[in-house]
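Following: one structure in structure tokens, then a few remarks.
Here the chain labels run A, B, C and D in written order, and each chain numbers its own residues starting at 1.
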Amino acid sequence: MIVIMKAGAPKREIEKIAKRLEIMGCIPHKSQGDNYCIIGLVGDTTKVDLGQIEANENVERVLKVQHPFKLANRLFHPEDTVIEVNGVKIGDGNVIVIAGPCSVESEEQLLSIAKSVKAAGASILRGGAFKPRTSPYSFQGLGEEGLKILQKAREETGMPIITEALCPDSFDIVEQYADIIQIGARNMQNYSLLKKAGKSNKPVLLKRGLSATIEELLMAAEYIMVEGNTQVILCERGIRTFETYTRNTLDISAVPAIKELSHLPIIVDPSHAAGRWAMVSPLSMAAVAAGTDGLMIEVHNDPEHALSDGAQSLRPKKFERLMKEIESMISNH
Amino acid sequence: MIVIMKAGAPKREIEKIAKRLEIMGCIPHKSQGDNYCIIGLVGDTTKVDLGQIEANENVERVLKVQHPFKLANRLFHPEDTVIEVNGVKIGDGNVIVIAGPCSVESEEQLLSIAKSVKAAGASILRGGAFKPRTSPYSFQGLGEEGLKILQKAREETGMPIITEALCPDSFDIVEQYADIIQIGARNMQNYSLLKKAGKSNKPVLLKRGLSATIEELLMAAEYIMVEGNTQVILCERGIRTFETYTRNTLDISAVPAIKELSHLPIIVDPSHAAGRWAMVSPLSMAAVAAGTDGLMIEVHNDPEHALSDGAQSLRPKKFERLMKEIESMISNH
Amino acid sequence: MIVIMKAGAPKREIEKIAKRLEIMGCIPHKSQGDNYCIIGLVGDTTKVDLGQIEANENVERVLKVQHPFKLANRLFHPEDTVIEVNGVKIGDGNVIVIAGPCSVESEEQLLSIAKSVKAAGASILRGGAFKPRTSPYSFQGLGEEGLKILQKAREETGMPIITEALCPDSFDIVEQYADIIQIGARNMQNYSLLKKAGKSNKPVLLKRGLSATIEELLMAAEYIMVEGNTQVILCERGIRTFETYTRNTLDISAVPAIKELSHLPIIVDPSHAAGRWAMVSPLSMAAVAAGTDGLMIEVHNDPEHALSDGAQSLRPKKFERLMKEIESMISNH
Amino acid sequence: MIVIMKAGAPKREIEKIAKRLEIMGCIPHKSQGDNYCIIGLVGDTTKVDLGQIEANENVERVLKVQHPFKLANRLFHPEDTVIEVNGVKIGDGNVIVIAGPCSVESEEQLLSIAKSVKAAGASILRGGAFKPRTSPYSFQGLGEEGLKILQKAREETGMPIITEALCPDSFDIVEQYADIIQIGARNMQNYSLLKKAGKSNKPVLLKRGLSATIEELLMAAEYIMVEGNTQVILCERGIRTFETYTRNTLDISAVPAIKELSHLPIIVDPSHAAGRWAMVSPLSMAAVAAGTDGLMIEVHNDPEHALSDGAQSLRPKKFERLMKEIESMISNH
């Protein structure tokens, strides 16, 4: 941590702050320039409250040197974390594909989609039973009935299932049915939910918030890990920018950035990023080329009647074609 | 709602979509141009799923005409909503000031601050007992103990209190003590929490999410209102942009925008917007001049030892000076 | 400047970098922590190329301490710069108002508007002769004919005129007619134009770029000042964010921020920020309350036939009302 | 174009606007709903000024249906544009690589880099002679001397050269030496420069502005094309967002988006997007997988002494490795 004192800060004030930092357990090193005095801090600065230091009228700014996350930090855990779910490995260097509808709508719908995505090569089935919708007037999901349909699909296809938990309350029931529990973008900083997920023994897929930095995503993962659950899969799903042609802007750089900063697996959701089915294929290819550990793709047998996200869902035929392209790219690499 | 067909969409497909929209209860009007065919929809389009229409390969784009919120919409409720809490009115044309520390830290701290902000003219006391913190290693609030201290401060000063609820689980206990329940920016789209708040008979202060549009803020209010609780106070607290000098960018335009679009009261939180105490005063003045119904300001008796948000808290003396400036501006207006 | 070495960087590499920095004229102070080594630099670091240091594989990051602008920096020039144009002072603590149409369309139009804005209390007349338009098919301005009309308006009303220069080529002709030369948001980093403006002896109004940080705006001012022209007026006109209800997001915090960082006057353009005439009034009031040195407001006698920016122009009657509100707020303050 | 009238707009006003639109050459179709009246416009609406319509107090909003660009629009020019420079084809389905240093620093430096990038498989040489720098104190390029060195490098290697023109003034001299003229991100809306480039008979590489939408990039291309020069190569180089880990956020979706909207070739610059050399390789692979027509990569033989952009430049060895990976991906596809 580095404390930059205001130009012209009196010596006495600089000493006072340095002393206070020492009491907090840091070793301060002062460097006095012509205009500014800098105090560099060595030692464990995680307990130092940045805001308290900045509250001093003689302090210009405080800069962090170390990343604030520890358990998610590759520095302290250099090997990749590999998560295994019913035999499917995530983070071992292969690209796994999660596919399925946005929402579970009926047994017939889900089974039909599940079979076709399995045949095409997907290894995990997605489907929402509790849906976070921008409008209270939109379809909110089938709830537990949806979870039961997911269970049936797992029985019939053998694919592990991933589905979203919306709040600590309904977490337990979701946990009962799901193989991987999803925490959505809008809940990335729902700390009660993160703590709850941290106490689960099931893997958690954590989506990046709409305007979350990569560091904040890793801090959200830290919330889960600090409670004991280290099986966290991160998911880049597009961030909010001024561009309106796409629903969100896929931050493809997040893939190599997270590989640098963390040991956790990172997957990409091109369907939510683009919000347009025609872009799912090129964005999937890009994600694989950038080194993603997996893809999460929305597939619907009848997008024009989908109860949610029709505009960004691939039909099974198109998904099959995409899977072939991905396999060809990977196998030749 | 307007459906723009792709250039060259076959007539048959246009007819098919028009028919489908009719079945959904809309009256479609086609306008055929040289390159594009447009279908304008009249009637209740709230039940039409935009995504389903966009999923059609012959559809270029779907544009909404009506705002998706109804209960929060000024169009259907032209008079301003005025919310009364223990005699304090919010939204009646006056500017009310909510002040207090970021977190409740001790009885001594809160009572001292409460008395000084009351003396300076604040009418509602703020203070967090359950704190949403980016880092799991930061102070998380005193919990119920904090609520009890808030209660004591209300007894001693007579000021109504506002404090944050973080999840549906702890909502009940917060509701028991608070006069106004705050839903924080990170929880603006925590739909379980919104639904819970909608069943309360206490006023709710809903903060705009870090990257939420004004429309999304109003849709979040709609979630609360549709459950029966129409006492919603909106709060602009800065949005996330590329600018790094301030913690967030205060969207001052949100004040007149929300006054146009909705009948709900809107207040401004300059402390979180700027993240720098030296800017709280000019931003407060700006908010009042733009027509805000109130301000929410962080005040701490000892910012350098504050357990959270020290950098953006005003000392009581500075808060007093600000209150005088505000009063002088208002009284002369 | 602070150089953060990568965790585990070999001692030899740290020494090498420290030596190199010494040769560049800095005095390096090393602080060795458990995981990171930090090198704090004292002395003149403006000549040190950040990119060169970051190019070293053992360097994690380089952080700047000093602001990169000098001539625009309040640190080295504590008193406010006051700019005088034909008797009108900008930056002396009063709020001056620049008003007029987006584009000069005809003599009749400009004279009519000029007279009404003068009567209402504006002190400087604006009007574009060379227009930067997003579309090549839009009206591009009257060119020199427009400048002649502006000159006539100055003769008739006595108001100094401000108009935009689009490129170094046409700068000379604009300079010949204008009292203040405007550099638009899209040209904020048009360095050839900035250098040209730096050689002029007329004041320059420099608009903040659509996605420029405050620091970048001040660096653009520095480009002008370093050439000898220190009469620079800064202008906040809204930045680009994800919000779509307004054309841009007025960054009201830029007013106090620039007052902190620089001695140059800062004015606000609420018309371009909002893009909606109904918001010009509240945003103007907010800017004045936040401490702006002036306002630049688009006024048109017939917005529905304006050749540009009709949607954000005030009619003379509304402008008159706004001027009265502003005066009442100021006089009572 | 669609005009949405305000709720409660009087019939007379709706008629007036409809009549006015007819005079402007459009055919208006009215659709009257319960709350809103919509006027759909058929015919050539490019001449209709959106702002004039929005200036009417009874108009809520105006929505565009057609894209405002014509010459750059794939709708009116379905086949891909292929640009040929000294035998190198851009846009024909192959991926071409442009490589070289950020700035030309010396003959020795450029020739050394030119030879190594050619040997590795690059087909066009880049190098800046006139440099747009954020700080007036930074190296501004060698000017014409740099152009002469580029010419020498072309003679020795046979590679066509691309270099940037900063303003209409120096455009002629750049045009004299360059095979492709680059217009930088900060100049994307420098309309004088665009018009000048439109009169050239050399291909132009147009970079997307830091906060430009894809539509605005295409409108900037339109400015060049409308003057007669249809040889425009577009370049995605990262946009500005809240994320700070990377210098900019590479908008990988721009590649498929531009392929949908336009017939012009689109290339990607991963060096400026990331600002970190370690990310250039994964982002390059992603761009190729997403369908880019080319890459522009900064290569320097000694990044730690580079006069600009050292942090994002690849060393020749790393560039060679990247070229092999790209070739392997392409050949197997």
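Assume contacts are C-beta pairs under 8 Å (C-beta built on N, C-alpha and C of every residue); 3 or more make two chains touch, one makes a residue touch a chain.
Because the structure is predicted, anything quoted here is derived from the model rather than measured.
With centres computed as the average of Cα coordinates, no chain lies farther from chain A than C. The chain pair with the larger count of C-beta pairs in contact, out of B-D and A-B, is A-B. Distance between chain centres (mean CA atoms), chain B to chain C: 31 Å.
For the pair chain A and chain B, the distance between mean C-alpha positions equals 25 Å. Each chain gets one centre point, the mean of its Cα atoms, and the points for chain B and chain D are 38 Å apart.
Multi-chain contact residues of chain C (touching two or more other chains) are listed as 211, 240-242, 244.
Contacts from chain A toward chain B in the complex involve residues 46-47, 49-56, 68, 132-139, 166-170, 186-187, 189-193, 209-211, 216, 219, 222-223, 226, 240, 277, 300, 303-313. Those residues of chain D whose C-beta lies close enough to touch chain A in the complex are 211, 213-215, 239, 241-246, 249-253, 255-257, 260, 273-274, 278-279, 282-283, 285-291, 328-329, 332-333.
Across the complex, chain C is touched by residues 2, 4, 7, 27, 29, 31-36, 38, 40-44, 63, 65-66, 75, 211, 240-242, 244 of chain A.
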